[in-house]
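Order as written gives the chain letters A, B, C and D; numbering starts at 1 within each chain.
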Amino acid sequence: MLIDRQARIIEKKSWGNYYLFRIESPEIAGRAEPGQFLMIKVSNHLPPLLRRPISLHNAENGAVEIFFQVAGTGTRLLAEKEVGSTMDLLGPLGRGFTVEQKLKGQEVFCVGGGRGIAPLYFLARKLKKTGAKPVVFYGGRTKEDLPLTNKLKELGLEVMVSTDDGSAGFSGLVTALVGETLATRSPAFLYACGPEAMMENLAQLCQRKNLPAEFSLESIMGCGFGACFGCVRKIKRNGQPSYLKICQEGPVFGLEEIVWQEKENG
Amino acid sequence: MLIDRQARIIEKKSWGNYYLFRIESPEIAGRAEPGQFLMIKVSNHLPPLLRRPISLHNAENGAVEIFFQVAGTGTRLLAEKEVGSTMDLLGPLGRGFTVEQKLKGQEVFCVGGGRGIAPLYFLARKLKKTGAKPVVFYGGRTKEDLPLTNKLKELGLEVMVSTDDGSAGFSGLVTALVGETLATRSPAFLYACGPEAMMENLAQLCQRKNLPAEFSLESIMGCGFGACFGCVRKIKRNGQPSYLKICQEGPVFGLEEIVWQEKENG
Amino acid sequence: MVDLSVDLGFLKLKSPVLAASGTFGYGLEFKPFYDLNALGGFVIKGLYFSPREGNKPPRLVETPCGLINSIGLQGVGVEKFCQEILPQLAQLDTAIIVNVCGEDEDEYARVAEYLNHYEGISAFELNISCPNVREGGRCPAQNPEATYRTVKKVKEVSSVPLITKLSPNVTDIVSVALAAQEAGSQAISLINTILAMAIDIENRRPRLNNIFGGLSGPAIKPVAVRMVFQVARAVSVPVIGMGGIFSAEDALEFIMAGASAVQVGTANFVDPDVCLKIINDLKNWAEQHGVEKISNLVGCVKI
Amino acid sequence: MVDLSVDLGFLKLKSPVLAASGTFGYGLEFKPFYDLNALGGFVIKGLYFSPREGNKPPRLVETPCGLINSIGLQGVGVEKFCQEILPQLAQLDTAIIVNVCGEDEDEYARVAEYLNHYEGISAFELNISCPNVREGGRCPAQNPEATYRTVKKVKEVSSVPLITKLSPNVTDIVSVALAAQEAGSQAISLINTILAMAIDIENRRPRLNNIFGGLSGPAIKPVAVRMVFQVARAVSVPVIGMGGIFSAEDALEFIMAGASAVQVGTANFVDPDVCLKIINDLKNWAEQHGVEKISNLVGCVKI
């Protein structure tokens, strides 16, 4: 974990509300693991006061990639940055996805909803390298929400897309697509990142099917490195459920660890 | 007085810490008088919270000009704006300099210190049109503080410059230069804008010489249009000295009106 | 068509958006920017019996997302106000509220008595919470007993409905609000500014000549929302909320916290037409959210 | 060479910059970013006798130039702290201050008594001002008598120097500070957070599960500077100032207002190495301004 105050944006793409940046940051890129995240200072002026957590979408050749959706002031300011300008990054933070050697040769599902696809690209790359066979499920409300479909296909992966309105791929929720697919296929593991409701539904599916899984959770973060106790969620780890820091003990947690009902206050 | 939220920057120049913008704003330009000012929103985000007061440096052909020096956060953000971007202007505000017809054919002195030169360009143009003969005194710490010298000369005016360090023109304070010049010449009026100490010294000179004069004062401004009572200074107008609003009753005041000792708190 | 009107009981407002005292001059300063009749109303700058000079400048300093002022209630006094300004306001079709000030309880009452005789004043807002006139920022609203006495005294002489404006510089805002209600105040407005200070480290002096001033603006909004929420749940009279409102979304926070109406202060300096914008945006928000009457939202926050 | 050291009487600090409780974890979280020995010291997150869960999330919300938190003092309790964390801190050569909490006066005393037996604690900071644990944000620091009683009780059992941390949610900060001094507190630190609230207007719910939380960050700096100034002029013990310090310039405002040392809170979240930067910038500022000893600036504001 380190601070890179001079990370330079070397590529920028955008699709509507979605943005992808490629940022030169050799040291962070060198340490990054799929599922970890960055805390990004979106502006040199206040507000916003706090950094914003954004997943590592990729890390290669001394650069990291991020993929994000404009959700408010912070991400809007981030989106306004241009190629050539520098950013202040803190990372890599948190514990990423577990990729065990025993997945070699096995089929694994990676399920991303909306901006939740961000860390799964990086994960799928690593899975492939390990010799696993990742199948990526990519869901959105409409086809405009699926800008990374080609990028994923270019990795040589099987990609199944779904849209709530049927404008591309499977018509319906991505959870329904995963459910249907599970009727005929038996992956060794499932990884997911996306809206809370999506992940909770997937967790139920996995429980029924006895399918081991990991989920990347979100939470409002004050610091990103364990200092503020702001990001906690109820997690069962070594015994009783207790409030664990998402930023340090997660953001990735195992199926059995997560207490979903603890949604509290929307 | 009106709000132009879409005033477009059409020209930008800079010299070190000094900036000149030409901004398309036909309605404000059409009403502007020398000595009046704008309240400028320097950013669409907070902070800074408040607009910043900047004098009208010129108004012609549907555009206004401003000339400013970076003094803090607000002016720094202003300086970062680029040609083509739009600004939110409120103006023209306040009461400008008095230019009476009887100055026709007479010599008048315009004394600007540092960024205080800003409104005097606009004033000198108007004086020339009236048929007066403006002589511009332009003082700075060093020759880098005098970026408008040529622009003033191009108006066809007599321009006398001074620098504290002698790097250009008269070596010493601009007040000394004015004092020396007054030994041999007898202008009909003096106008000044600049640091408080400079103006106070000039006021003493004028009093001794019985030279009528007007000064453009500064004050921290909350609103710029009379609503907050934040910008007051002690002024003698119709009787006893009282706190008058610089933004509405000024920023230009007559020699006899200003209570200089009322500097209060640096 | 969304219904923006608000019934305070003693006063019907066209919209829940008022301009706050001390930030709207005498109203006339804003005429160039829009038709003031769009407003729910506005509150006149604090008025003492006699004209007042106010504090020595500098009187303003900007802080992160905030503004500290130490104006000290510079103003024209009741006579000039009634002779020269009120007649110009009388033509407006919107609520004119006078912010009533006093050095002591007697002066508050004298101001109220004087103003009683004039037409065109919809209500008094009793300013017992200005931090800029007494030593160390003290004011009656910092004490339930002093609040009760002052309100009671004015209530007895006043023929105009009474709103009492509270100070945030207290340990227990609810006890002060209850005292004002008990003494007959027909509404509570809050918050006035938070006592604050800034130092110019180069000169090693306070930035304000008065040393202390009152903090306003977005910085204080979370404190104001909290206090409005606390007071609205404790009193039975309507609450008028303010503190850092710059947008319709900000106004809605206060309304949902329990404010029947809101006041917009510092924002008027930045965007002279901000009240108009907030009113329009409130209307749009209500339409988009299927809210027929803005006042249905008052205090709707679920806890 | 500028002398940054500060002598609080009961404790010598290498520099006037401490990290504030609750914003520096147990210190260890910051080891990756710089050598903690550069600090004047740091204050451990609030410690109760037993481990505590803290409040339900969401626990944070950002506001204009501010942060509201309702962590509710989640923590490991004294036993685990002394067994597992303190030994790791003992190797550091900087002041370790423990923020002592309690549900009631007895618990404060029990925590102090327990910690007395361990080496490596430079001082206790008595946290009688957390707005996040009792109903409606109440705390002992809102009342001079409760303050006196709590401080006195801890003082009687404590073998470690005592700092008392005050709450800004009061009418009269000076009376509380005097009560703490009277009861034997050897220093006063202030301010803790300001009680605040934010509402999610789309969901019509408070943004924090706990409804209220404490506001920190640049937004509150002008309020904090004012209170530090007031307290420093009234007490004879040293004052430790905090609230919204993000830069050396901010720190200097507090020092000139009368703070012998400062604490940096929320800023640690944004820039984990901010304390180090502030220390370096303070040194440079002092050099440029011909100040040989930072502590010569304490309370130097001219009024």
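FYI, a residue touches a chain if its C-beta (ideal position, glycine included) is under 8 Å from a C-beta of that chain, and two chains touch if they have at least 3 such contacts.
Because the structure is predicted, anything quoted here is derived from the model rather than measured.
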item	value
Common touching chains of chain D and chain A	B, C
Partner chains shared by chain C and chain D (touch criterion as defined above)	A, B
Identity of the chain that, by mean CA position, is farthest from chain C	A
Chain B and chain C, separation of their C-alpha mean positions in angstrom	36
Distance between chain centroids, defined by C-alpha means - chain B, chain D (Å)	47
Chain A and chain B: spacing of chain centres that average the CA atoms, whole Å	55
Residues of chain D engaged with two or more neighbouring chains	64-66, 205-206, 217-218
Multi-chain contact residues (two or more partners), chain A	46-47
Chain contact topology (line, ring, star, complete or other)	complete
Chain D-facing residues of chain C, complex	63-66, 68, 136, 142-143, 169-172, 194-199, 201, 204-206, 211-212, 215, 217-223, 225-226, 229-230, 244, 249, 252-253, 256-257, 300-303
Residues of chain D touching chain B in the complex	64-65
Footprint of chain D on chain A - complex, ascending	1-3, 41, 46-51, 90, 219-223, 225-233, 242-243, 264-266
Chain D residues touching chain A - in the complex, by the definition given at the top	22-25, 29-30, 32-33, 45, 53-54, 56-62, 64-67, 69, 71, 74, 200, 203, 205-206, 209, 217-218, 266, 268-273
Complex contact set, residues of chain A against chain B	43, 45-47, 73, 77
